[in-house]
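Look at the two complexes coming up: chain A is in both, with chain B in one and chain C in the other.
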Partner chain A sequence: MTNHTYTPGGESIGRNVPRIDARAKATGETVYAGDLQIPGMTYGKLLRSPYAHARIRSIDTSAAKALPGVVAVLIGEDVLDINPYYGHAIKDRPLIAIDRVRFAGEPVAAVAAESLAIAADAVELIEVEYDPLQTVISIDEALAADAPHLHVTQLLKKGLFHGLGDFNLDPGNVCYHHSFARGDADAVFAGADIVVEGEYTFPGIYQYAMETHTTIASWNPLQDEVQLWSNCQHPFLVRAEIADLFGLPQNNVRITVPWLGGGFGSKSYTKMEPITVALARKARRPVRIANMVDESMVTTRRHGMNAWMRTAARSDGTLLAREVRAWFDTGAYADNGPRVVATGADAAPGPYRWEAVKVDSWGVYTNTSSAGSYRAFGASHLQWAGELQIDQIGRQCGLDGLQIRERNLLTPGEYVRPGGKPLDADLIGDIRQAAANLGWGTPKPDNVGRGLSVGLLAAGAHPVSTAFCRMEADGTVTVYGSSTDMGQGVRTVYTQIMAQELALPVSRIRVIGGDTQITPYDRSTGASRSTTLAGMAVKRAGGELRQQLLDIASREFGLPPDALEIRDAAVWHEDESRSFPDLIKAHFGMVGGELIGRGEVRPEQGSGSYAEGPVFWEVCIGGIELEVDQDTGKVRLLKTASVADVGKAINPDQVEIQEMGGIMQGLGNALWEEMLFDPQTGQLLNSTLFDYHIPTFGDLAVEHASSIVENEDGPGPYGSKGVGEGSLAGAIAAVATALYDAGVTIDQLPATPERIWRAMQKERME
Partner chain B sequence: MLSAFTLHQPVSVTEASEMLRHYGDDAAIYAGGTELLVLMKERLVHFAHLIDIKQIPGLSSIAVDDAAGSMSIGSLASHRALERSPLIRERAPLLAEVESQVANIRVRNAGTIGGNLCFAEPHSDPATLFVAWDAHFTLASAGGSRTVAAADFFTGLLETAREPDELLTGIDLPLLPSGAGSSYQRFKTHERPAAAAAATLWVEDGRIRDARLVAGSVGIGPERLPATEEMIKGQEPDATLFARAAELAAASVFIEEEGFESAEYKRHLIGVLMKRALAQAAERAAS
Partner chain C sequence: MTTTTRMTETGTITIDATVNGRPVHATIAAQTTLLDFVREELGLRGAKRSCDVQVCGACTMLLDGTPVSSCCTLAWEAQGKAITTIEGLSAHGSLDPIQQAFVDTGAVQCGFCTSGMVLTAKSLLADNPSPSRDDITAYMSGNLCRCTGYWRIIDAIQLAGERMRDKDGGS
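Right after this comes the complex of A and B.
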């Protein structure tokens, strides 16, 4: 069931244009980073630390170097001619371990060889002596007064894209603290009729993408030029960090981004690129490093979290105040931790009308693999806890999950947080739609629970995107944008936008992939920004090109541009037309030349900082109906419901698929996925898909109902706003509220059968 | 990343057996490869010689001997072949049902029933079922062949009664007579089951004449539960009896501390699954 409340007016927008990559992907012709063969390329393999925290006493690479076919072996001392520390938020990470390892899996040595088998054999010949150090694996251990410090935090430098205000760290294991308060929370809690309170635990989760991190680097020593082929989401931010690390001008660093086999945040910011470049620099040959799944799992992950939250309300169900403290486990290096901490805090109160809020959140270093972005970061961590408390209050007041939200949700124009952008979505309409999709209020057995959830996510990141387009003499168009197509379909969407702007069929338009030497700057691919921001740059580029065509036609017709219109691949005056190739030929005097359109998006007011943002509030709606096996605690999913509040669906099928994918991952987060680090050794215990369960089609609900809400209230092209993340956070929270409805109060995710069984045992005892 | 190895392709059981004897610990039998190659790629084990037995003819047949009241299954039959075999679906539908749930489609297509049993992974579905079904396995070598009951075949964690130069060539499965019923229940959250229970009941004149009850996935291998079997023998199959039996099964089963679930929860699961298995087996016996 899909409700499209908007009737498309244009020819391409709002249509289910087939994915331009579908055929190549289905037939296996798509070229991914791991398919590329660069002339002279060697194969890299990493030696990773077995210790979570240790001093490196010595490294003996002689046997590895002596193995025939080994081209180079890289260790920490090889990068001391540069400042080898990077990190877009905090420069806390050496590109290869230097004297010390801080998590099990940290690269200690890298081998480049003529074949991957030789590289793998050589890695086994490297002898490393370690002096183990005391580890801090959990958040609690890291925050203990006598905990060893992973970093000398006072000496750390701010990264190129910290973007979160002042940078001044106290000694200890905290890499970031975000807090805000409004109203007198203590007084409101003291006078409230109802207070619910709880402690919550969220696991570390791997952003499983089918394609692992894969990077090829080539270093040209004559010109100090670096070329990278990397499956990264943010090529321009990676370029800046590589240039910064190796002391190169930015235009000497070229990053080409092939199609990605999934990203979900795992390939955001800089990951395997620095060590690959350093190995290529030493080898003086191109080198490819392709992670195995277990290696990617310790390359990045979602933050684990401990939190405390309480919520106050009046007995009539009016919400009054919320107070939250949350500690995010960012692992050994900050990666995107500070931003996850900030957005997590901002999302914690939920989109309700509070008299008082008080939120503190901290990013905490531990001796585990480093944590960064994952689809719907921020909202995923605390929406479920907050929404569970809303339903707990509702039950005490005799209000169901829909009623208490209708009573308290913010309305458009109200402020979500102190400062920044006010609410730009109709949440009450959205949650009613979710309830309707779920069959809210229809009879059901006791062991079946229904849950709703609503939240907001600060989306868009920094609003900077550029694009251009070229119209060739035959009237075909190529779009140049740097948003990475990682399966979300962004290149198809750009095709549609350009087709709309130039009244061309989509078959006349080609979109090329990101290449920092060819395609223009885009801040990043994430935060649901590609359609909204980069798409707007594409639209403006198309608009500029369109204007050029009108100007040429104006001269040719001898009429002012406003007497002309563009339709059907031509410029028209009444029933007289000139085709685009005709106009280009007239302009250049030959069958040649080309027109170039340029588009830019930048902050419309202020600096576009996080505090002034977000670009838009992404709506995180969830609706779940599930059945709990009363004997085992196993959950059977009966129905999932989604509501995509997207302003305008440029390609409704793609919106719906994004929603489904987000829900699928959300179910994984809520029910199955959890990275288990050994509490003593810090080693990841479930580093294969045997032991780490990602959702499969067999896990999905029996039924799914989705709706697309198109109020044209977004800042993107045609009133659109981003989609794809909200449903993930919404689904996690709806699992928690649905379980609550089925009689199970969960305070730790994932809600495994055993945890549910224990919660039911506890309930039965009480 | 696989290290280098030599692949041998014998065409008879005798030849394979001689190769195994010759290469000793440096050799492993390679059939479906779904367990072996994973371990070798992870570099957890290494064998310089792989003895690929897929070229040996006649080891993947499935046949019924009505006179003997049994079904014979060749060890090289894939899980997928067992799942889809019309003969198994008709004469031993529970086996087809269990095989259809083994691991995933790729493993079922490549993996063989013999490889599954010889690997003796404690979470094996067919291993637990075969013990509850009193299947017998044929082990053959250059020196001859012998038959071992399933319950005696599994001797420990990843250990079997198979001698290093022996091949498991076939499985002999007694067909359940009318009045008998069997059930396999498992609980799974990851690739491998967390707990499983299999029950076979022979019911005569409204009473349980004989029972084979087996717990799987929670210990070092399939575990028969003789005390529980004794408790229900001679009794009328009903819900109260099965609830008591399930309690005893849960209390008496050996639980190995491993995996994601606690021992306490796995013990509880064995009770739940055994109760369900008993009920379904009794229902099938009555139909």
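Right after this comes the complex of A and C.
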């Protein structure tokens, strides 16, 4: 465990500083993308394909164009002057359908009009003739030998941010294959006392950020400048893709990011921006495209998955080997599929000491809406299956869920995967805490199950973040960073870090939101990286500014900087002090000027590639107690438990709330949520929130107990590491293990009452 | 105030109502929803559109004190009524106790659900000044939040109830 010394003076770290945005959000004053009014703005509406797979024979837009109030109509042929294919991993997606549609809901035409009502009317007037093609809706269909291919994969180009090794695709519907093996798995399985094996199914899931994807674009034809206001998580990656698509220098593309109404991965990478820019380019007017919920549902989602897994152990409960094969349904376009496939595979063995592992995972194209990132991707898909098998082995050996994990979990410093970062967390301590929070070992009725789960998530993405800060002549500070505040509270955390570094009250600090023309580069907002990496860049910027203050004070006092200290918004030597405004005035010789501090984070060793990473292992702990109705299969949640292993909690309250929110989403994933695609037509059947159940107040457990573990073992500021995703994956898996404890072996999520009832019937028959 | 709605030949209607206590008189397309009327015509953008099908509560407003989903309410249904939006709760510069409790308990994350939550809670506490957790769960089930996991929102409503009771008791 490292010992981090806090900067002298500051008192902001580890305190429940109120969120800087709470008041404006509670009064309704906060401006989100959909609240912006841009002068001259038109309203965009999309015509989306009713077919999951079809050739477009013709599009007649004449009636739409003739409708008064219509400013422009965009179709595929309007973007043939550029290379219209994008995708940060694989450039497989045209920004608007060109000759062919590959999922029901794909944009075929876009209208810009003086009002949304006119745009909607105009969309109705567009006539499209389709020749339907054979569809591949399920993973099995897509992998069949005679399946039609969605793409000519050999011709696809690598995206700007593929980042996952070699890129050459075989013909077929596989967009990515990830595999690794160590030890001789076949031999270990052959000699093992116990082998458990199963097949598992995980559904496609809608992230449901309450604020749908909303983008405003304006194209200035005189200077070929693009301005975007978009609720995106990764503005710099979007900027790069827009510049690449439209052949513009990056500094001609400006992306301003307002406060977001949730993200959860759904607004990561490039989504609605290319089509909005193309429509604005044609309209020569600013245009806003704001999705409705059914449109956001087919803009991105969590991957559905089929998997096979087996685990071997000795009769004393020592785990020996695990073998996994998993197929991820990435839909019609890869989006972030390759990375989901890679992280899913990496997390599949779980954080245990194995003699042998063998893992293969594939990303598969189907004629459904494209799948990308969703909070805790990777760990969510397979942790539950792996943890279920751990408990199945435990039961055969007479070990309970805590005992078998204590015996087999990795300890700090052991390798999670060869060549990557060793384990940087005390998992045994964490799981004991989760067990304690659940009341492990206390008596309970047979129909009540208690389950634990533990997993790891490769967190941090590529470690590149920059930040700067300005101290004005009056001693106030503004922080410039590009991490998107989508509700996780990053701007509050920046405020606390800067206050700590400069010994200022948080009220003296402002944080500017992401704007690629103003705030400096940050790779992305996701993978639990904002506090750890962007926060570190902010800390370094503050540290640089602090050093400048000390240097100025050193001249003024005629003493070396190390004879001075910073506290209470001033530099001190013994009981003599100079305030910051005083020092700035002395430096510039007037009441004016400003000091600028700069901070950056880049890979400390190696290239920062995925294979060498991760930045840290995010701990995914779950603990659930539930009751199963033996007649109906209905679940009643009695208790949820969380353990946030965060190294150092910069704002403990915000850590706890992140955990509670993550658990609620995990319960949704595990028990209720599932996108249903018609097996023939590929249309989304539950495309409204009437039919797609988002957890409500009524779904809460009776009780919740949470803990924060602070071992200061993270790479972030003050020994911190990210939080927010682990509890989601942990909760899904703990539902599976708790159900197992209550006598239900589930192999398909969500665990609906019907599936639970069927599992119970099967068990009773056996 | 007149309570008759007048439909004109052009498919527009005139509406007279109050919004946050101020009289409003407007001529709008007959099919305009209350949400679009308030957001687009009046420029009050604190109410949000999310599900658009009366499930999520992000668009909640009070009509004569009763919460409605303004996405699925036509503006003319507010004829002659008092419309309260989130902007009305802090109109005099200080926060309503419910807003303050949301801030104090950490019930706000992304904030997209918050205006609707606060208004539904306002109506709940008017009906029931000391709601139990079950009361809150039942009353608030038409308001979704994807961020917070709901626990702190329950805390906020109970805290606001307590503070409002203390204040009433003391005066």
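We adopt the following convention: the second predicted complex is superposed on the first by the 756 of 766 C-alpha atoms of A that agree within 3 Å, B and C clash if a C-alpha of one lies under 4 Å from a C-alpha of the other, contacts with A are read in each partner's own complex, and residues count from 1 in each chain.
Please note the rule applied: a contact is a pair of C-beta atoms (placed from the backbone, for glycine too) under 8 Å apart; a residue touches a chain by one contact, two chains touch by 3 or more.
Not measured: the values here are computed from a predicted model.
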**Message:** Contacts for A:F690 in the overlay, against chain B (first) and chain C (second): which applies, first, second, both or neither?
**Reply:** both
**Prompt:** After lining up the shared chain so the two structures overlap, which partner does A:W672 touch, if you call chain B first and chain C second: first, second, both or neither?
**Reply:** first
**Message:** With both complexes superposed on chain A, which partner does A:D653 reach: first (chain B), second (chain C), both or neither?
**Reply:** second
**Request:** Tell me which of chain B and chain C touches more residues of chain A.
**Result:** C
**Message:** Quick check on the superposed pair: does A:T632 touch chain B, chain C, both, or neither? Answer first, second, both or neither.
**Reply:** first
**Message:** I'd like to know which partner A:W757 touches here: chain B for first, chain C for second, both or neither.
**Reply:** first
**Asked** When the two structures are overlaid on chain A, which partner does A:A144 contact: first (chain B), second (chain C), both, or neither?
**Response** neither
**Request:** Please indicate which partner A:T212 is in contact with in the superposed arrangement: first for chain B, second for chain C, both, or neither.
**Result:** second
**Request:** Pick one for A:A120: touches chain B only (first), chain C only (second), both, or neither.
**Result:** first
**Prompt:** chain A residues touched by both chain B and chain C?
**Reply:** 117, 689-690
**Request:** Using the touch rule from the top, collect the residues of chain C that touch chain A in their complex.
**Result:** 29, 44-53, 55-56, 58, 85-87, 89-90, 95, 99-100, 102-104, 106, 108-115, 118, 136-138, 140-141, 143-154
**Request:** Please give the residue numbers of chain A that touch chain C in the complex, ascending.
**Result:** 16, 18-19, 21-32, 34-35, 117, 208-212, 259-262, 264, 292-293, 486-489, 653-654, 657, 659-665, 688-690, 694, 696-698, 700, 704
**Message:** Under the definition above, what is the set of chain B residues touching chain A in their complex?
**Reply:** 1-4, 43, 187, 189-192, 260-262, 265, 268-269, 272
**Complete:** The answer for chain A against chain B in the complex is residues 45, 116-117, 120-121, 124, 631-632, 634, 672, 676, 686, 689-693, 752-754, 757-758
